[in-house]
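Sharing a structure with you now.
Chain nomenclature is as follows: A, B, C and D, assigned in order of appearance, with residue numbering initiated at 1 for each chain independently.
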Amino acid sequence: MITIKDLNVWYRDNKILDNINLDVPRNVILTIMGPSGSGKSTLLRAINRLIEIYPGVRVEGEIYVDGVNVFKARTEDVRRNIGMVFQIPNPIPNMSIFDNVALGPKLNKLVKSESELRDIVKWALEKAYLWDEVKNRLKEPAAKLSGGQQQRLCIARALAMKPKVILMDEPTSNLDPVATNRIEELMVELKKIVTVVLVTHNPAQAARVSDYVAFLYKGRLVEVGSSSQIFTSPKNELTEKYITGRIG
Amino acid sequence: MVSMNISKLILISSILILFIVGISVFYMSQTNINPIQQEGRAGYTITIVYDGQSISLDLPSTPIVIIGGGSTFVNPQMQAWATKFRDLSKGLVTVNYQSIGSGAGVAKWKSQALDFGASDIPLPKDIYSEIKGTGRQFIQIPIVAGAIAVIYNLPEWDEAKCGNLRLSGEVLADIYLGNIIKWNDPKIVSLQDKCGDLLPDSPIIGIHRSDGSGTTAAFTLYLALVSDEWKNSVGWGYTVEWPRDQLGYGLGGKGNEGVTQKVVSTPYSIGYVELAYALKSKLPVAELLNKAGNFVLPNATTISEAVKYASKKFPDPADDWSIIADKLLYLEGELSYPIVTYVYLVLDLDYNDDNKNKAIKAFLTWILTEGQKSENIVEGYIALPKEALDIALKAVEKIGSS
Amino acid sequence: MIDLRGLKSKVMVAAISILAILPFIPIVHLFFTVVVNGIYAISQNFPGFFYMERSIPGSGVIGGVGPYIIGTAILVSIATLIGVPLSILIAIYASEFIQSRLTNVGDVIITTLFEFPTIIIGLMTFALISVLNDMIRIYLLIDVELPKFSVLSGSIALTIVMLPFLYVQIKESLRSIPISIREAAYSLGLSRIKANFYIFLVYARGSIVTSILIAISKIMGETAPLLFTAFGSDFYTISDPGFLFKPIGSLTLAIYNLGLSPYEEWIATAWGAAFILLLMVLSLYIIARYIARGAYLR
Amino acid sequence: MSRLIEHPLGIVMLLVISIISVMIIFLIIQSIPILLYRGLEFLTTSSWNPVKEEYGILFALGGSVVVGLISVALGAVLSISLAVFVAEISPVRLRSIFVTLNDIGAAVPTVIYGLWGLIYLAPFLYDYVMAPLSTFLSNVLGVPSRPGTSIFTASVLMAIMIVPFSSAIIREGLLSIPTHLREAIISIGATKWELIWIQVKMVKNYIIGGLLIGFGRAVGETVAVAMVVGNVIQPEFYKIFLPGYTVSSLIADQYQNAEAYTYMVSALFAASLFIFIVGLLANMVGLSMVRRK
């Protein structure tokens, strides 16, 4: 589904990512973990080229999503097919709940009619386990939701574009344990319809939800493997140190 | 919910603004300010009678705005003519006249920013030959006469008892040169018939125009005619350097209005403005010594007398008028007022626009005929004698015919 | 023992308080006089004051500021219609491409005109139109003159007055949008234009609307840039189809010219015009502040 | 990466930049003839004699600078006090009233200040300040005359106009001082005055910046000054009770008939170039002071 070949990223003169090669199969959860500053967020943002909105960043290499080289395609098309959820829940605060979810389909002209839009919004909110909580207050500003609800709203916003891939950048790091739990359940459910790439600095979370795990350290991909393999018999010493909490 | 309030507020404020504009527009249409809406204007003409003959004025087919500017002196008269003629032409001809000073009027007309310029002095020689050199066809015509009045603010002086203050050209020159500092200077006292002892021991505040103006040009030309010292050290023009300012006893005012305002609010001041402004301000006006040796006030009699002598010297409208500028001031005649001025219009003979040609021709023909009648002449201005008008009318005939 | 420190503190605080109240005295007096004289003038000729043309001195009739109100409205509207979209577009560019060379050059040149003597902007507009006229004559070989004294050049001057202010304000508003919101917009696959227009401008609308209203109230009160451009007119010109190319009056020009005249009627008219102008400027200003406060509450 | 225009929007930016640049370049080009014709004399002499094509704008430059300096000098203490008062002394509940009044003072159109200055301020200053002082200071300050239009009147009017403006900037600085710093100062037992004084020293940048921007305003202001400055060409511009000129009021008065003379247009553009430069310096330094943290 996602193939990364010889990816190098610089910020000004610093190399952030060094020769990354990675394959992600369809309908799985791949977790990228690593200590802060290891370049996980950069790698995630390279996949949908979001990294290009930061001035001073230079990218080399190839990334194929569903067989398409993202660096050859239009940025808008790439990002449209890849949903993304962020560390801080970031719905547009002064837009309504409905508008937040409808934003992508509407502005990208993916729907033909109002009713189709409503259906998509409802579908996305249902998939994000949010519909029951908000169906009576769709016109309220998104800022009125709780943190966990906001994050699920962001997931619904990403889903509404009917993406093939969803990138999640530490989606639970700002949430309480209950909300975290719900999001994690949701992720497992989501993998039926999309491929999820999750970034986390929490090895326990990686162990709970992922099928595959990639360990990133100082811009290098140290080890990739299935979740069970990485957590039971890591091949690399660094990986072992990290999951046992000795570096991080 | 805040966002709701914002849009509501914008809505309310825009409705409010629309409401105000709406009221204004409503009243505009109510009060006939917008006569364009009236019917029956196609092929509309005005017929006037002049010299026993009836002349019909050919009006433009669409509403035309003529932009003129210049002399602040002629402003009240021009506004009166413009208002009257706009009504007469049922809105077909609007004259937008701006009192920006003669120098500006001529300069803007020269750069074609204005359709006509109005100036208190004829085109200066160099400008005349410069424009002539470009092959542009233009004329200068006098349209009305006036006078420059010397106004003063002298609290001690009682006109009822002492009569108006008497001054001569030499004394005025000495005042603005700074040779005379105080009101009780012997040169001023000796001119007075009575009450000479009432003149106070206070410095004279000499007020003058701060913007360039034909009034200043005419006034300084007069001072240069009567005082060699003035001629040599200051000269004459739209803007001059006033020696009195450098003593700290000078003050500038913008336009005739500004000078009048400054004289009104500054005790012991003296200033020069066009007569119309002096009359309106209710300030006392000084009697000036004329060439025949009499002290005269500016009024219809004394100005007409001077105009009579001057109009004999008028050249052809297409000629250079600057050479006679100094021959039209300080003229002979027992009752002639010394500083009589003429307002000259400079205008093109062809505006490359048939409607504009018609509009300007109609407007000028009207002001040179009906416009000179006493009911259309504002107080403080003097109509031109028939000989002068005939010359001007003949020149106006040529507009648009080339 | 006497508390010298405490005493000094009390004395200084009292002194500061007195000095602080001092500047309010002229401002309050100004308000008082504008309101009293203005209302008096308007009441002498109500409601004619709002729609009539300037009266003839000595006629005893006060007012007639109709053409000036319309003139101000037209000049300000055109300047706003040109200036607001223009400054939003360049502010978007400057906030999106922070390191672009063009942005750096633009920042320097546009902020040059920020808080700038506005009479020079009038002069420069006058000069700009001269240059344009020369260019039309030389390169296009057609005999068309852009009128120097016109609604258009007045509006251009006002646009240039408001542009730097709006540019700086909107740019700051856009740049202060949290990066998380930017990422959210771009992760949806929106183009820069769509992201800015549908999301960032909406997100920052409170502060942007405030800036726009303050900019409008600023140019409404400008006189100096209009002296050589809008030029002034005492008549209704809008009935003329080509009025955009003709001079036009404004409330500020009227106050300047009438206020310097010796006639009671005209000075009273100037006070009335000042009252109307003050009312217009301050109501915009107060609305702007209200919105700004709302924006902070969000 | 180094393309000049990175997005179609850049064309709009380029357009705006080029229009403004053309204007500034034209301003400079127009100023050259008079500087070639008169050289330094243009700046160092006082004469305005179009008849003889003699232009020296020292009187106007001096007038502008004197108006700017006096208004800032008068405004400095007042605007600092006002800012301190609003930020520190006034009851919190009244603060918004003072802030509103202050900001409204800054929003009033300058021409209204001019009208008020002409009709109320000038006679008032003549009666109560200029006339009494000139009885024993006439050698230094000049003899004023009714209606009181003078360089001094213009300076006072400008001071009134820039105080709300400068004090808003200084207030912004005072309010940006973090609460924990204030608490630290109070906790070491500082009196109110000491607290104020320490904070005022902390916002020195804002004070200098605000006053510089105020100076730029005073130098550049046109109509309000033109209405009260007296408008005469008077070489002794330092005698502030006498009427005078500032560069902007000279331009406002003289520009309209300038084209009737050979060098006057250029002289006016060159004069405006001067306030351009002074205003620019004051603004740039002022803004950078305010932005510097």
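Please note the rule applied: a contact is a pair of C-beta atoms (placed from the backbone, for glycine too) under 8 Å apart; a residue touches a chain by one contact, two chains touch by 3 or more.
Please read these numbers as outputs of a predicted model, since none were measured by experiment.
Asker: Could you work out how many touching-chain steps separate chain B from chain D at minimum?
Answerer: 1
Asker: Comparing C-D against A-C, which pair counts more contacting C-beta pairs?
Answerer: Taking the two pairs in turn, the one with more contacts turns out to be C-D.
Asker: Which chain is most central here if centres come from C-alpha coordinates alone?
Answerer: The most central chain, going by mean C-alpha position, is C.
Asker: Using mean Cα positions as chain centres, tell me which chain lies farthest from chain D.
Answerer: A
Asker: Approximately how many whole Å separate the CA-defined centres of chain A and chain C?
Answerer: Their C-alpha centroids are separated by 47 Å.
Asker: Quick one: report the Å distance separating chain A from chain D, using the average Cα coordinate of each chain.
Answerer: From the centre of chain A to the centre of chain D is 55 Å.
Asker: If you average the Cα atoms of chain C and of chain D to get two centres, how far apart are those centres in Å?
Answerer: Centre-to-centre distance between chain C and chain D: 18 Å.
Asker: Could you state the distance in Å from the CA-based centre of chain A to that of chain B?
Answerer: Here the centre of chain B sits 80 Å away from the centre of chain A.
Asker: Can you list every residue of chain B that touches 2 or more other chains, as numbers and ranges?
Answerer: Those would be 2-3, 100, 108, 111, 253-254.
Asker: Taking each residue of chain C in turn, which ones touch at least two of the other chains?
Answerer: As it turns out, chain C has residues touching two or more other chains at 97, 205, 260, 298.
Asker: Where in chain A do residues touch two or more of the other chains?
Answerer: Residues 94 of chain A each touch two or more of the other chains.
Asker: Flag every residue of chain B that touches chain C in the complex, lowest number first.
Answerer: Touch list, chain B to chain C: 2-3, 5-6, 9-10, 13, 16-17, 20-21, 23-24, 27-28, 31, 33-34, 36, 62-63, 65, 67, 76, 79-80, 91, 94, 96, 98, 100, 108, 111-114, 253-255, 257-258, 260-261, 264, 277, 280-281.
Asker: If you look only at chain D, which of its residues touch chain C in the complex?
Answerer: So the residues of chain D touching chain C come out as 2, 4-7, 9-10, 12-14, 16-17, 19-24, 26-27, 30, 77-79, 81-82, 84-86, 89, 100-101, 103-105, 107-116, 118-121, 160, 163-164, 167, 191-194, 196, 213, 216-217, 219-223, 227, 248, 251-252, 255-256, 268-269, 272, 275-276, 279-280, 283, 287.
Asker: Okay, in this complex, where on chain A does chain C touch?
Answerer: Residues 48, 50, 53, 55-56, 75-84, 86-88, 90-95, 103-104, 107-108, 143, 154, 157-158, 161, 167.
Asker: Sort out for me which residues of chain C touch chain B in the complex.
Answerer: Touching chain B from chain C are residues 47-48, 50-53, 56-58, 66, 69-70, 73, 145, 147-149, 205-206, 209, 231-237, 239-243, 246-247, 257, 260-263, 266, 283-284, 287, 290-291, 294-295, 297-298.
Asker: So in the complex, the part of chain C that touches chain D is made up of which residues?
Answerer: For chain C paired with chain D, touching residues are 5-6, 8-10, 12-13, 15-17, 19-24, 26-30, 33-34, 86, 89-90, 92-94, 96-97, 100-103, 105-106, 109-120, 123-125, 127-128, 130-131, 160, 163, 192-193, 214, 217, 220-224, 227-228, 252, 255-256, 259-260, 267, 270-271, 274, 277-278, 281-282, 285, 289.
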